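For reference, chains read A, B, C and D in written order, and residue numbers begin at 1 within each chain.
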Amino acid sequence: MATAVLLLSCPDRRGIVAAVANFLVRHGGNVLHADQHVDTVEGIFFQRVEFDWDGFSLERAEFEAQFRSTVAEPFSMNVAVRYSEDQVRVGILASRQPHCLGDLLMRWSAGELPMDLRVVISNHPDHAELCTGLGVPYRHLPIEAEPDGKTRQEQQVREVLADHDVELVVLARYMQILSPTFIADHPNRIINIHHSFLPAFVGANPYRQAHDRGVKLIGATAHYATDDLDEGPIIDQETTRVTHRDDVARLTRAGRDLETTVLARAVRAHVEHRILVYGRKTVVF
Amino acid sequence: MATAVLLLSCPDRRGIVAAVANFLVRHGGNVLHADQHVDTVEGIFFQRVEFDWDGFSLERAEFEAQFRSTVAEPFSMNVAVRYSEDQVRVGILASRQPHCLGDLLMRWSAGELPMDLRVVISNHPDHAELCTGLGVPYRHLPIEAEPDGKTRQEQQVREVLADHDVELVVLARYMQILSPTFIADHPNRIINIHHSFLPAFVGANPYRQAHDRGVKLIGATAHYATDDLDEGPIIDQETTRVTHRDDVARLTRAGRDLETTVLARAVRAHVEHRILVYGRKTVVF
Amino acid sequence: MATAVLLLSCPDRRGIVAAVANFLVRHGGNVLHADQHVDTVEGIFFQRVEFDWDGFSLERAEFEAQFRSTVAEPFSMNVAVRYSEDQVRVGILASRQPHCLGDLLMRWSAGELPMDLRVVISNHPDHAELCTGLGVPYRHLPIEAEPDGKTRQEQQVREVLADHDVELVVLARYMQILSPTFIADHPNRIINIHHSFLPAFVGANPYRQAHDRGVKLIGATAHYATDDLDEGPIIDQETTRVTHRDDVARLTRAGRDLETTVLARAVRAHVEHRILVYGRKTVVF
Amino acid sequence: MATAVLLLSCPDRRGIVAAVANFLVRHGGNVLHADQHVDTVEGIFFQRVEFDWDGFSLERAEFEAQFRSTVAEPFSMNVAVRYSEDQVRVGILASRQPHCLGDLLMRWSAGELPMDLRVVISNHPDHAELCTGLGVPYRHLPIEAEPDGKTRQEQQVREVLADHDVELVVLARYMQILSPTFIADHPNRIINIHHSFLPAFVGANPYRQAHDRGVKLIGATAHYATDDLDEGPIIDQETTRVTHRDDVARLTRAGRDLETTVLARAVRAHVEHRILVYGRKTVVF
């Protein structure tokens, strides 16, 4: 079934829900899911509405124009419209560790993640066989040991992403730091997995930090990448219990399961158009 | 802030959300929370709307009558209207075990559970001091060792509940089986806590059954009481990990924490008017 | 580092721990991990001891003979000895669903599961490319539509397992029922994943059963296969919260993550020699 | 059944387990539970042994002296010996919030927490009735609005604790900061509950910090109090999922359940002699 999704946010006031509902009723829109939220402190209204597109009486362009003029503008709304027929075009960046990449590939190839996986890029050759075996283009872009090796490789990454018309970049334990320019050019379109329960243990070696501190839980955090490392809007998090028996190697292994789970959930939420970002926070419907 | 809650269910069709939203907008209703669900298999629409009652332009009777004629009837809705000013009147039945009763009392006396706790009834005298110390009437109704002792005690329980105008009966590990008549007279108004993850381990001694089966998780289930023991609509459930080290006594102790948590969540959902029952299932918004 | 593992069980009495510890000390055994348990109801003692094999002063045969005569026999012990140098030889049986198989392959190929994966067998051709891409022999053994098609295919499965000298059979959502003979020939050496929190929802379509019952949690159970379907000794279980919003398809998807996690944990426990079976229960150290 | 507990730590080397086991066997000690751990990085061995005291052939003084000379000294062990007959003498400090105090009282009065609860001290009068109703002395020690009011009150607290011969101080959301001297005088004998998943959100208002950061989980941490606020050895932690719908008030309420659970677990671990502290870490058997 083809569906359309409206993602809305605007200053909170009376009548928003009625206006949206009336617009859809008028044009034969059958609402399948609707979810809303008001941040009462900031006074912002958020809504996600998914409706049956097959029976809708307007074409895309008409719909978007009319909705904008009769609903969005009167309420000063930010609006995003997405159609299930247009899957999000995704590129995955990975380094040597295979668990997050492998998990996303398994889910995608099982038909579980509704995304258009365009390309996997890595600074290592390791995953070529796995990717091409599943029919996903694999680009090995090594970082040369020369003064501007890193800069040149990032430029190549950008070109490959552009060539494949990628909308969403997923950092599946990609161990290279992206430049501020790269990040600024993909606002809320890069999902990173950090291997700790942020804001605890920012920076390098969070499992070692966790071990040194003697915590009884470890965690993982999926967030949109921003300039401020590990400070971007959090999409999802999870923790699991550990004990004094878990040395750094065991924490790392337990953490891998968290990382794959949390990253997959975050990617799913994004490609199903369930996330609204405001400030450094997210609403995940 | 005074609020009103609409709990609605009806056959699913287009325009329900718009009709409800329009009605509220027309009378100055500011929606604070709205949540909806469609059971697409059964074709039933469910909605909970909570709105600011202080600024609303209609009186209670007017509101209920107009909503009924202009919205509920055209859509063949079941409607329940509740006002935050009218807290649910609750009676708790307990036996000897104190954990569920004590937990509910602590939450209520801390102002955490918005309910009007009218009376605690027990077939044991144990909790008198605790209850009266917190200002809650305590009625000790023992079961006499005579042929119809149980029947007579239940009759006394009914009278005490009636005297205190109780709407919701909470069975806080009450170890007496209630008669079918008692249950039939309180449809979806008796919450029981069963000490297993239903439908596993129905009947007596679930922790022993769990131990004999060698499960690695134990659970607890809060449900509305129905004639069919342990078969009523489930409101909430939870599980916790156990190991071979946990004998029946330790399972029982770990289970007590589950029981208190799950029962408190279920009671909260009920007194906040978040539960809709249909068939043997619940929608908990 | 090469290690050896002792898995012991015997009637409980004083002096067992001392006897085992003294034997190891005498021969230069450095204990790395030791864990013990007493089932006080049954009066059975269980122990797992892992020690550094490199520095040990006896050869395998000597060690096993001397331990048997000086410790095991006096205490009427059941003893299993395993060496980390001999990884467990594993065969995986799968049908069409890829998630459990894919997850095990990803973990194994990442070096996370210390097992000697010999072969993947399936009644479908689907996973050939994935397996052979990772260097794992894949045998497609379809079930022919003839009277004894199932029996003949099972016979072929047995032969392939024998050819590859498989010790542990993992049923990764293998949708064929194995014959009692097959199961009897592999006692506690077949791990199955059942897609419910046993003993709830035995039999077919547990996610549909769970949906019909309106539960608020779903689960998965890994167990050793026995003749009595879904009744074998439980190795591991897990649950996850669901709501009225989760239809059967969403329950199924959420369940897949449980299934992969629980099956992987159970396989890991087995290949690390952490499981002792007694009656229909397990001790998992 | 009367039991004794040995809590041991020493530099790791061969033969420790055998030496302890042999000592107990020699004197008729029947081991009920034994648990051990080696921190392989630091090279430290930890063990907890609980054995049947009724059948033991030595008196307390004899046992302690002989164990010290024949086992502890040769292995340079730190040894603590505790007897189940001597319950830990506990004093609880609380402020206005009742949930942690109420929960500990309910568990203790139900016979669930094996401790000798001597006194509850508060800078508020609120909990007097609850405590005295349960037979626990309640001391209201207000902080006077005078220059050294805080210092004088802390001195009074010390005196009350001394009068009741308190060994373990439990800070049940006690909102006063204790002086470095007070803390130094009770090393690893003050358990505090911090309302965040440490080390995230140290300091004041962690729920507000969590809300501002947009986290998807909140947590609670029980730890021994040290001079360095929120930096003491962690005993236990737990987290729970939250969403964008949870404002600070709802985070606070959800957090209260975490706080009570985690604090109760930590107190139980302490009074059952399951905790060994080393550096800023704990081993919790």
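By definition in this document, a contact is a pair of C-beta atoms (placed from the backbone, for glycine too) under 8 Å apart; a residue touches a chain by one contact, two chains touch by 3 or more.
Predicted model, so just to flag it, every value in this text is computed and none were measured.
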Checklist entry - Do the two copies chain A and chain C share over half of their interface residue numbers, or under half; same or different? => result same
Checklist entry - If every chain is reduced to the average of its C-alpha atoms, which one ends up farthest from chain D? => result A
Checklist outcome for this item: Taking each chain's centre as the mean of its CA atoms, chain A sits from chain B at a distance in Å of 38
Next on the checklist: Can you compute the centre-to-centre distance for chain A and chain C, using the mean CA position of each chain? Integer Å is fine.
Outcome noted: 36
Checklist entry - For chain B, which residues are shared contacts with two or more other chains? => result none
Next on the checklist: Applying the document's contact rule, which stretches of chain A touch chain B when the two form their complex?
Outcome noted: 14-15, 17-18, 21-22, 24-25, 28-32, 34-36, 38
Next on the checklist: Per the contact definition, I'd like the list of chain D residues that touch chain B in the complex.
Outcome noted: 97-99, 102-103, 106-107, 109-110, 112, 129-130, 133-134, 253, 256-257, 261
Checklist entry - What part of chain D is in contact with chain A in the complex they form? => result 37, 39-41, 46, 197-201, 213-217, 219, 233-239, 243-245, 247, 280-284
